[in-house]
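Note that chain A is present in both complexes that follow, paired respectively with chain B and with chain C.
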Partner chain A sequence: MPKLQRQQYYDLTRDMNWHFRYVDEAEVFPEAMSKSLGVPAEEWWKWDEPYKLTFREYTYNQVDKDTGIYSIKSVTNRANLYEKLDSGWRSAIKAHYGAIPVPEYLASIGEARMARFGRAAAWRNMATFGALDETRHGQAQAWFPYSLIDKDPQMDWALKTLHTNEWGAIAARHLFDDMFTANDAVSTAIQLTFTFETGFTNLQFLGMAADALHVGDMEFGALISSIQTDEARHAQQGEPTLRVLVANGKKAEAQKMVDIMFWRSWRIFSLLTGLSMDYYTPLEYRSMSFKEFMEEWIIKQFMDQFKDLGMNTPWYWESHFLPELDWYHHGLHLGVWFWRPTVWWNPDAGVSPAERDWLEEKYPGWNDTFGRWWDVITENVRKGEANKTLPETFPVVCNLCQIPIITPCGHAIGKLERPIPFMLEYNGRQYNFCSEICRWIFKEQPERYHGHLSIVDRLLAGQIQPPTVEGALAYMGLTPEIMGQDADNYQWAFAERKAAE
Partner chain B sequence: MKTVEKLEEGLVGPVLRGVDADIIDAVIAAAEIDNPDREVVVEDRGGYVRVHARGRFRLTRETMERILGRPFELRELEPSLSAFAGHVETGDEEWVWRLHTAAREG
Partner chain C sequence: MAALPVQAAVRGDFVVLLVLVDTEDTMDQVAEKVARHVIDRRLPPQGGRPVVRVNGQDLPPGTTVAQAGIGPMQFIEVRYE
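And now, the complex of A and B:
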């Protein structure tokens, strides 16, 4: 019997759309779950995935992928690779492992929701693969660090972080709940698969894979670049969804979904990827700066594709986003290093003389702005007064992104007009924001966000006892063997003295 | 073929996993044959390798089979295909990436 080509049967097997006669369409696809935006059923049936795959092909590919990464893992474990890695690089992968694996499981909930409430059979088919993909990512990224726990107790936070009230975990949950755990099918397709996955995840999963291979961390590089092969496919749910919306006069709605999640993605990746690339990755192995990776993956590749679909750059692109590329993550780094006991990895200061030269080259003006603060820190460390570089108070946290507000930093280096947070009165209370855009996102849907308590709100509400740094560390689940310390035991500060002599 | 240090606007095509050397070499060689009217651009970042052309990039099963010297289905690219630039169309015989705006300009 002649074997059929896939394209001869593909449409038949995946186009299982039908009209409902015994139930109301709105009951099958409630607006809260589907968000059809009034686009009629037949219009949704035009949804056509660009990246086509049958279930049979899916299973073949996935076995191949897992065989590949697990065999590399088994070889590198035998070679005791982890012990040979730079301490800053280890911090980068611990930050990744704490922030990512459990949210992958949450993403599978979002995919499963699209697999049920997506408005076209073709879409539901792709989302089913997506749900399986995300389960794979959760499993692999929990298992790889699990086998490193005996070498490094901070690896335990790969599975633990998202179950704690650590501030980064609160920020991650707030974002991921907004984007997929508590989101409808259409918004998930636009915000998770299009904005987050076609756009931003490449920064972390491929940008860091680029650095991993230079560093010699074959295991991490092979793992995250393999994960991204799933993402490259299931992220393709976003484009056909966008096409249906645009074809049916819903461009403004789609644009707003992207504008919101582009900013939120920028915030979280500045924190995770920005610090890892520009401060934690050993200098000799850095291929590009965070800003250069942003230019490649977001400003060129993602925006090329987005604009090609007739969409516009977010409204705050020139005014707020582009200027932040030069400073925002540097400010976050300063804060994360200072509040290092509050994170589950060991922040690498990354400001030895050679590293500062690199920062000045990649971000002209760094020495005259951020460098001045690091001068003070360096001086204190040299005098044996590292205790002065540790926190006794709390930062103010943004009521949208849940990341500490660094407007005073932005103001001090001449990037913001005022040092105070962006504020909003709503239902009799004051909310604080790190940026005009986080405030705009909150104002767009205050009913969605207003009830959430930031970690500082919880402190003020008496939920954190005693209300001290120690009490907060206990509330966040951080124990002494986990709390972050300087990754290099301050060697960088003394390297500078030698260079100056 | 030319190699570049930085991605240029309007380039489209696959981004391949850096650990899959056989597929990277085969795609680069096949790209030269399948895109005779365009310059193939390679950007090697270690952990990933971009193989691109301006506006439109085509890859066929037939050429991949010839280069690899074995039967090959284009869906077998997936375990090596970490990302791609442009919109993709995935048929049995060929995969094409394109950007309409860039294709018009170029």
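And now, the complex of A and C:
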């Protein structure tokens, strides 16, 4: 039994900072790993966070959490819950499982780097818990789908995706390597824990948890709700780091870190959460549209908190980000559905007459813009010409976010002046971007990004043989039982409005 | 004759496509190679003739890719009028 009361030892042990006498500070905290930006050690020691956990408390809490989710899993398995779920919802959770568990595991590397190279003992203490959290998240989110593989072979991609060259996997690796696997401690705190976790994971984990409970997917809802309780805690590393930077005249540096990672997060969440919320979740169970979630969680709550810290909205907020809320993820959805053999889930078109009415209500003008493309697709399906709804070439992908370039979409619906991709010549190589912001991010740190080959670059370099759609599917590791198909076997194309309408 | 990859879009479509053309293709042939991925797939059949636009200039239908000086991965847009 401990001899001391908690309050008698906690602050002393948590804040065990000291000056170095036998080595230089720069040797202990190399700039490449810590990125202290010249802020003195004593200033970093003012770093503080509100949770103030002990290791004993942490382990007790985590055991309770794991007991809770694994109990629910045991019950739902016996009830054959998965088979009863809507096919679109199953696609939503498969997209999540492929994109999230392994990056969570990798995030433990970023947390461990902060646990070693963070400049305050209190921060290193919190990051240690963060590393354990992310290990738990990786394991739980790999185990839950693993137990469903006998019911759905696409669940195998929960563990497999990030180890393949599937285009979404390349996009996820590029983002997460930038954000935490290959990032310094301060940037990780600002970009992973503040920008990504405090801001965006709420969308995927709270928003999707709400939808899961409506759909009746207790297992997925319980799992990601449990994970979010950890995220809410270790995400607290961002704000105190930001406070230290701002107090020491490093606001501009912090602002740039946020501006970069906010955009990159927006890109990946549009692809992941945008499609799930507005197209894959069954209509009757949707709690909010993706745009409404963005407005509530990001535009209002997160940015209010951000501005309270003395920071500004990213420079592209009004000109680029807000207008994209009305179109970007709708364009991605059309692309993912059309190129559905290239993903590890079955995209749900989500454009039956009733669903189109909902889209029109949430995004006025949807039928006159996105609906036009879906009209042609629907007609082809009705004529029995589904082959015309499948790809025979590739989209060009962005050299920063690695997501297909859909500038013509923004142009066609009147949100972009030109349909042309944003380009850049650097060291004799042409780079193509989906947006001015992705090009700006590249130009800020070209030495960080220039060597990467997008999947289209790899095709042109002869790395994908044969250089056909079939060759690319094989390169991406997609086998016939995994390649995405229409989630509803095209029933949506034949659905008719109710007579009363 | 040599194969040349370009990035292309049909006006009104939503995505930039990778399309393989030949340096001896005329602009009409280029338009056809791009349009086959789009027309009657996401856009309805278009009236009028195709026009290929590169670097802000409409190119005559008989001009070849080589004559137009189109390079690898240059962006071309096809529209109908």
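By our rule, the second predicted complex is superposed on the first by the 487 of 501 C-alpha atoms of A that agree within 3 Å, B and C clash if a C-alpha of one lies under 4 Å from a C-alpha of the other, contacts with A are read in each partner's own complex, and residues count from 1 in each chain.
As a convention for this text, a residue touches a chain if its C-beta (ideal position, glycine included) is under 8 Å from a C-beta of that chain, and two chains touch if they have at least 3 such contacts.
As the structure is a computational prediction, the values presented were derived from the model and not from experiment.
With both structures placed on the common chain, the touch criterion links A:Leu206 to chain B but leaves chain C unconnected. Residue contacts after overlaying the shared chain place A:Gln301 against chain B, while chain C stays out of touching range. Of the two partner chains, chain C is the only one that A:Leu459 touches; chain B does not reach it. In the superposition on chain A, contact is made by A:Glu239 with chain B only, not with chain C. Of the two partner chains placed by the overlay, neither chain B nor chain C lies in contact with A:Ala252.
More residues of chain A are touched by B (comparison of chain B with chain C). Shared-chain residue A:Asn432: touches chain C; no touch with chain B. Of the two partner chains placed around the shared chain by superposition, chain C is the only one that A:Trp373 touches, whereas chain B remains out of contact. Residues common to the contacts of chain A with chain B and with chain C across the two structures: none.
Listed in rising order, the residues of chain B touching chain A in the complex are 6-10, 15, 17-19, 45-48, 73, 75-76, 78-92, 99-102. Within the complex formed with chain B, the residues of chain A that make contact are 5-7, 50-53, 57, 60-61, 64-65, 68, 72, 202, 205-206, 208-214, 218, 221-222, 225-226, 228-229, 231-233, 236, 239, 287-288, 292, 295-296, 300-301, 304-305, 307-308.
Residue ranges on chain C touching chain A, taken from their complex, read 5, 7, 9-20, 36-37, 40-44, 72-73, 75, 77. Contact residues on chain A toward chain C in their complex (touch as defined above): 331, 334-335, 338, 372-373, 375-377, 380, 388-389, 391-396, 404-409, 412, 419-421, 423, 430, 432, 456, 459-460.
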